[in-house]
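Look at the two complexes coming up: subunit A is in both, with subunit B in one and subunit C in the other.
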Partner chain A sequence: MTAGDRHDVIVVGAGLAGSLVAKHLGDRGRRVLVLEAGTRTLDTWPGHLDALNTYYAALAKVPNAPYRPNAAAPSPDVLDLEGLPSGGYRAHGYFLQDGPLPYASDYLRACGGTTLHWMGLVPRMHPDDFAVRADYGYGRDWPLGYADLEPHYRAAEHALGAAGDADEQREAIGLPFPPGYAYPMRAIPRSHLDRLLAARLDGVPLRETPDGPGTVLRVVTTPHARNGTPDPRHDHYRPAGATGLPNYGERCVGNASCVPICPVQAKYDARKTQAAWSHRVTLRARAVVNRVLVAGDGRVLGVEYQRYDDPAAPAHTTRTAEADVVVLAAHAVENARLLLLSGLANSSDQVGRNLMDHPTLLTWGLLNRPVGPFRGPGSTSGLECFRTGPARRARAPFRVEIANWGWSWPTGAPASDVARLLGIGAEPGAPRGAGLFGTALRETLGHEVGRQLCLQFAMEQDAESRNRVTLDPRHRDALGNPRPVLTYDLSEHVKRGIAAARAVSARLFALLGADDRTAYAPGPAAPGWYRFEGRDYVFQGAGHAAGTHVMGDSPATSVVDPWQRCWDHPNLYAVGCGSMPSVGTSNPSLTMAALALRSAEAVDRDLAELRRPLVVRQPGGSS
Partner chain B sequence: MTAAAPLRAVLPEPPFRVPRDRADLQMFLQAALTLEHLTIPPYLTAMHTLRAGTNRPAFFVIRSVVLEEMLHMTLVANLLNAVGGRPLVAHSRFVSAYPARLPFSRDDVTVALRHFGVEALETFLAVERPAYVAEPPGHPSVREDDGWTSVGQFYRTIREGVLRLADRLGERELFRGDPARQVGPGDFYNSGGEVFPVTDLASALTALRVITEQGEGADRTVFDSDDRLFGEARQPAHYFRFEEILRQRSYGPHDTPATGPSGPALAVTWHDVHPIDPAARAADYPPGGEVRRAADRFDDVYALLLCVLERAFTGDPGALRRTVPTMLELRDLAGWLCRNPHPDPEKRARGLFASPTYEITDSRLARARSEPAG
Partner chain C sequence: MDTQHPATTAHEPPGAPPECAGFVELSVRLTGFDEFDLRGTGMVRLYHDTTLEQLGRAAVGRFLDDLAAAGGDPGALADEVSRDIARAITHLWYLGVWPSLARATHAALGRGTPNTAFVVSPEAWTEGLAWRTFHGHPPGARPPGFGTWADPPPGTPDRAAGDVA
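Take a look at the complex of A and B:
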């Protein structure tokens, strides 16, 4: 143990939640140690450029494509999953999987965390999303509501630099904002495709089934954590530039690679928050925390971590750091893994359970006119009218993202289109068919790729205790820590939501006059294939892991209290999406950030309480 | 082939005096706007001729300077608008032919469109050289001079003119331009510094300070004043940033113009470059060929960029965002051209590549002006 390695707070994980907590506490004079399992190569400009090069050269442009593998702190990759020819899947890589369906999402263990490859969409949750058990009879309820979180939503929107239109969000979705509220930046402009869809869909009534509940369609712009045009109503906001190179950084100009890497860092990532940390915050990278140390009374003393030098070499030293408060902010799966490894916080037996994601159904087709795909952020607008309402009782609600990048997600377009037109089949090694070349190839590509339309239906997944993270000591990573075992499935509620989404998609494509090319079949690229009520479906992971240290109002049934403080350990916090009892249909990072900022205030109060001077009174004396 | 001295474009210089009245000041500021733009095509050419993915420190240095020149252009336009002028941008007189003679300079400096290399960098140093000594015309120390000695002196003279006119006419009267024409931080964002509206003497002097101190350094140091003016990281001024590349060494925090750079080494691979013909003309490329089409398209898009800029500087600041797609297209076209061996067999044999030629004629501008806004 390093003598004197003592801090006010230890934060485990330098991703979005951890970076915000460290910033808040450092700004208030607390001495914070941040331990990050991954490297901080990407903090540097050459590191950023190296990631760009790696991405440009990658054959599969998946979310983790730009980021070099790290054997000491491995990350899951969407390429780890392989679909089998007649259904089912095989899991390779970091995760072990034993569920009926695969958990199909990844994350990134590096300084900056998964914000390095996130899309950067920051919609708020709907007020109805916080009480799905009480109001709609499924999943779990939050011990707090939208109103409790609202000020922290605003703080998070400021911290991340959100671009949005509050009036439109209020009017179209019913989200409450304080009067006169403006996002830091004006909404990111709609894509050509958004405008095209709005012209054909806005105001059109739609019923999922002939006798089902109806809704009215409306294309709504999505809030982004992405540099745009500052809104003067928001108190002199200035967009935050890139890290690693002085005074560099642009507004979004539509480089169209937000996932997996924004070349100009117009997209928010946690490095921007780290760049604003006070000197009281110390970051120690290549430090894998594998045990939280606890005293007999349940208070935690600090953490034990493994320091490695070369990510490729199986060599490390074990060290200890102490603090008055420990905050776990290592990602939903890693937080659960760490609590399970430490044998802590689990009197409710809920640690690792309730694993959720936003299972996503993709549908795709060709419009009858050019839509201008592969430009701008991955999605700039969506249909919000399926996010709540009475239909929620029967099926999972969903949010429809309008994809700006053609069929890239479902089919690997446009590279797959080029291969197909060149006569290269899906079977490697098969003889090449007759192909198109030169002008004919270019014209055909332009004609087809330019009309690609894709809709992404992100389902709310209900918390189920059977969906969980466990550990198997027989399978360990390079540092000797048991790897996570994921047990995952979709509930009937979610499957009915996906079926409804498929029906809605068919109606939308009909309204748009689009030629529906959606097809679901088992195969190597479809690990998420399943059959439901006689029809084939393939779902995708959204990278939105949640629920694994669920928040509640009772120590008997939940892991953390409404402040994300572990019920069993008064000075141990577990922050992040793992605390969410339900995830609604919004991309969860903004809600996670709001929760983290709220918890940072609680940590600060706890520390103040610990330092309150003791008043020594004379026995029997007055005042 | 004999090395005949190439014809050089000569930019009109305002007379060697302090601006006397509003019209005079507007003429000086238009000359400043033209001058700020003069540097952009040579800097871009050096940047675009770097082999993709190589010489990245040099690439980002040049890029950062270009962005700040764009900032300077915008600040000069704000100042010109503030004193009731009308910036002229979409005009062939605004775009110099290259090679050009560097105006406001005692030394005979040729500004040409050259590939990245020692020769280009030496020109850039001449353009950005700090003018520590030259006082405005009329000062006893320059009594012997009959013309401008440096760009810095020219800006110092504008500053003196602004001060005198504000004193004579009154601040409110001098800065009577329409505030709606001012480009603000909402309309523009780049790396170092920030665009701000010029509405009074204080903001006018700050704009001039940004322009000179980003170029040649503050208080005779190596560094600009971005830290003091904008709360950003301070950086070596343009002159010293270029010098870092040329000398392959960075400036450290304690270095001065006299010591030169003594910080970490900055690696440059001089051969990772696409050499070009500095006298290239689009007419050198065979009509109908892809190179010619790209070179013509480059000039067309550049003309469009200037038309949109002029609209932004003459009453519609929000139009600036429409320059973004044009700049991205210019970047792509320049990249294609500079990676394409010169179509002329003799030049190709000498290892030369094609390049954008920046021939922005009035007929091109007229065509661009008639393009639908968008």
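Take a look at the complex of A and C:
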């Protein structure tokens, strides 16, 4: 360990959580070392354009399509999962999986992290979401509530540059905001499809079952971390543009590819926060942290990491760095992996457990008029009325996202439609249909794809200790680190939620006069297929890994305390969605960002405490 | 299809037929888009060459004969191999992707290349015709402007009415 490599704080991971923590601490004069496993090739404009071209040239436009594989810091990919002909799945790639159902989400290990390919929707959690065990009898409770997080929600909305309508969120969802609060930017305009749906659904009462609880439908605009129009009521907000190209990307221009890459970088990603880091923050990329070093008293000393040059042929050297505080911000799965590799923080036996996502049910159909699909951000509005209420006791609650990109998620439209109309089936050995050509093809395709409607029902998944990340020393990555094993399933509570969502979807399609084309069957593209109460379903992963270093109010039952500090190690923090005891129905990253900013304040206080001179002051004396 | 066309045509003599005239004429019949649209993609030469490369001159020649025999109507193609070639070229134009051929077609042509689908080039994908059929644009390749997604799509009754509500 070189004497020069000592820092106030080491942050592991330059993704969303780590970049925010580093920014906060650097701004307060702390010397921060950020160790990032991935490369920085995407930080330059040519590197960004290369990713864009890789995306264009990729046959499957999956979230990781633009990003080059990195053998030193491998990432899971949704293409790693293969459904079997009569149900079940097989997992290839980085994750090993042994659960009844597959964990179907990916992430990205590159500087900037998963925000490079996230959608950028940033709704707050509902106040009811923090006490689901106490109030609804499932999952785990938070040791804090909405009111504790509210100021940090505002700070996170500022840090990410959120665009939203606080009055609408308050009125339609019941979210408390301080009086007069305005998001940094005005709400991103609703899509034409949102407007069509609002015209037909707003104010309509709906019951899930004839004797079930009722609700009133309303299409509500979703908050985005996407550049729009600054709101003058929010202090002098200037949208953060692209990194690597000045004065660019300060407004979303409707490229409609937020997942997996925003060509103009109008969507927030962690590189924007990094661009605003003070000079006290040092970023070291191609540095895979593989161990947290700890002293006999439980305090951590620093980390060991593997530095490599070439992501294709990763020969590495092992190094160490020291700091007073270490903050793990490597993503829910990787944080758990790192704690397990180091054998730390696990006196509760909860490290890696409580793995959650927002299992998502897709339904799709054709509206009776053109909807203008494949335009604008992936989703601009949703139905928020299934997020809480008494029904939650019996089944998982859900948020309904209105998809702006046709059937691209469930069926791979429009490519799948072109193939189908030409008579090309998925199986190359099967006889092909006659096919349409010329004007008939052009018109039929336009007529069908132009009316595609898809709804995404994102379920709250309850924390279950059996859903977990473990390690298998027999299977290692190229740097010799054991690969993660995922054990995953859906609870009855979630499955009942999915069944309710299917019923709600049928009612919505009927109200919309839409021709329901939803179909679930096992097969290669349906690793998430299962049967429940005699019906078929297919769920998708949402990319929202959480719960793996769960927060609680007791060291006996949780990994981190309410400040995301490991109970077992007073100067080790684990930040990210891994700390969340429950995830509600909101996309989780805004809540995660709020928590990270709150923890950064705690780290700063810890450091101030450590630096306090050890002189005993005389009462009344001056110093 | 001008299969005799040399691979590089840096200098066309004045008055020479436009590039790949035969291929364009055939593509108009397959896709339902006119010559102006097809040439506007900038993909004519690349698709012409890809087709020859994937199928070979002999197969393309037989395909052209079959199409002529079908009165130029790809829907009337009787031979399954020729029909599959029609599917492939149309797929290429609509998505920028050369598809896998039917296993039987692949075998009948005795192709030496693997029968796998691929995106012909990054630009090819962004020039796919599929998006135009519903007044959309290829994701990540066209910035129509802030808020444009709120407008009704062109050519719909909603457009004339201004809005839906």
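The criterion applied here is as follows: the second predicted complex is superposed on the first by the 608 of 623 C-alpha atoms of A that agree within 3 Å, B and C clash if a C-alpha of one lies under 4 Å from a C-alpha of the other, contacts with A are read in each partner's own complex, and residues count from 1 in each chain.
In this text, contacts are C-beta pairs under 8 Å (C-beta built on N, C-alpha and C of every residue); 3 or more make two chains touch, one makes a residue touch a chain.
Keep in mind it's a predicted model, so treat the numbers as computed, not measured.
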| item | value |
| --- | --- |
| Which of subunit B and subunit C A:A131 touches, first, second, both or neither | neither |
| Touching partner for A:P428 - first (subunit B), second (subunit C), both, neither | second |
| Touching partner for A:R195 - first (subunit B), second (subunit C), both, neither | second |
| Which of subunit B and subunit C A:P232 touches, first, second, both or neither | first |
| Partner, of subunit C and subunit B, that touches more residues belonging to subunit A | C |
| A:N247 touches, of subunit B and subunit C: first, second, both or neither? | first |
| Partner chain(s) touched by A:L293 [first = subunit B, second = subunit C, both, neither] | neither |
| Partner chain(s) touched by A:L79 [first = subunit B, second = subunit C, both, neither] | neither |
| Partner chain(s) touched by A:N53 [first = subunit B, second = subunit C, both, neither] | both |
| Subunit B and subunit C contact sites that coincide on subunit A, given as residue numbers | 53, 229, 251, 253 |
| Partner subunit B, residues of subunit A touching it in the complex | 45-46, 49, 53, 227, 229-230, 232, 238-239, 241, 245-251, 253 |
| Residues of subunit B defined as touching subunit A within the complex | 53, 56, 60, 64, 185-187, 189-194, 226, 232-233, 235, 321, 324, 328 |
| Residues of subunit C defined as touching subunit A within the complex | 29-33, 74-75, 80, 83-84, 86-87, 90-91, 94-95, 97, 99-103, 106, 115, 117-119, 121-123, 125-126, 129-131, 133-137, 139-153, 155-158, 163-165 |
| Contact footprint of subunit C on subunit A as seen in their complex | 52-59, 61, 189-192, 195-196, 198-199, 228-229, 251-257, 261, 263-264, 369-377, 380, 404-405, 414-415, 417-419, 422-424, 428-429, 431-432, 434-443, 445-446, 449-450 |
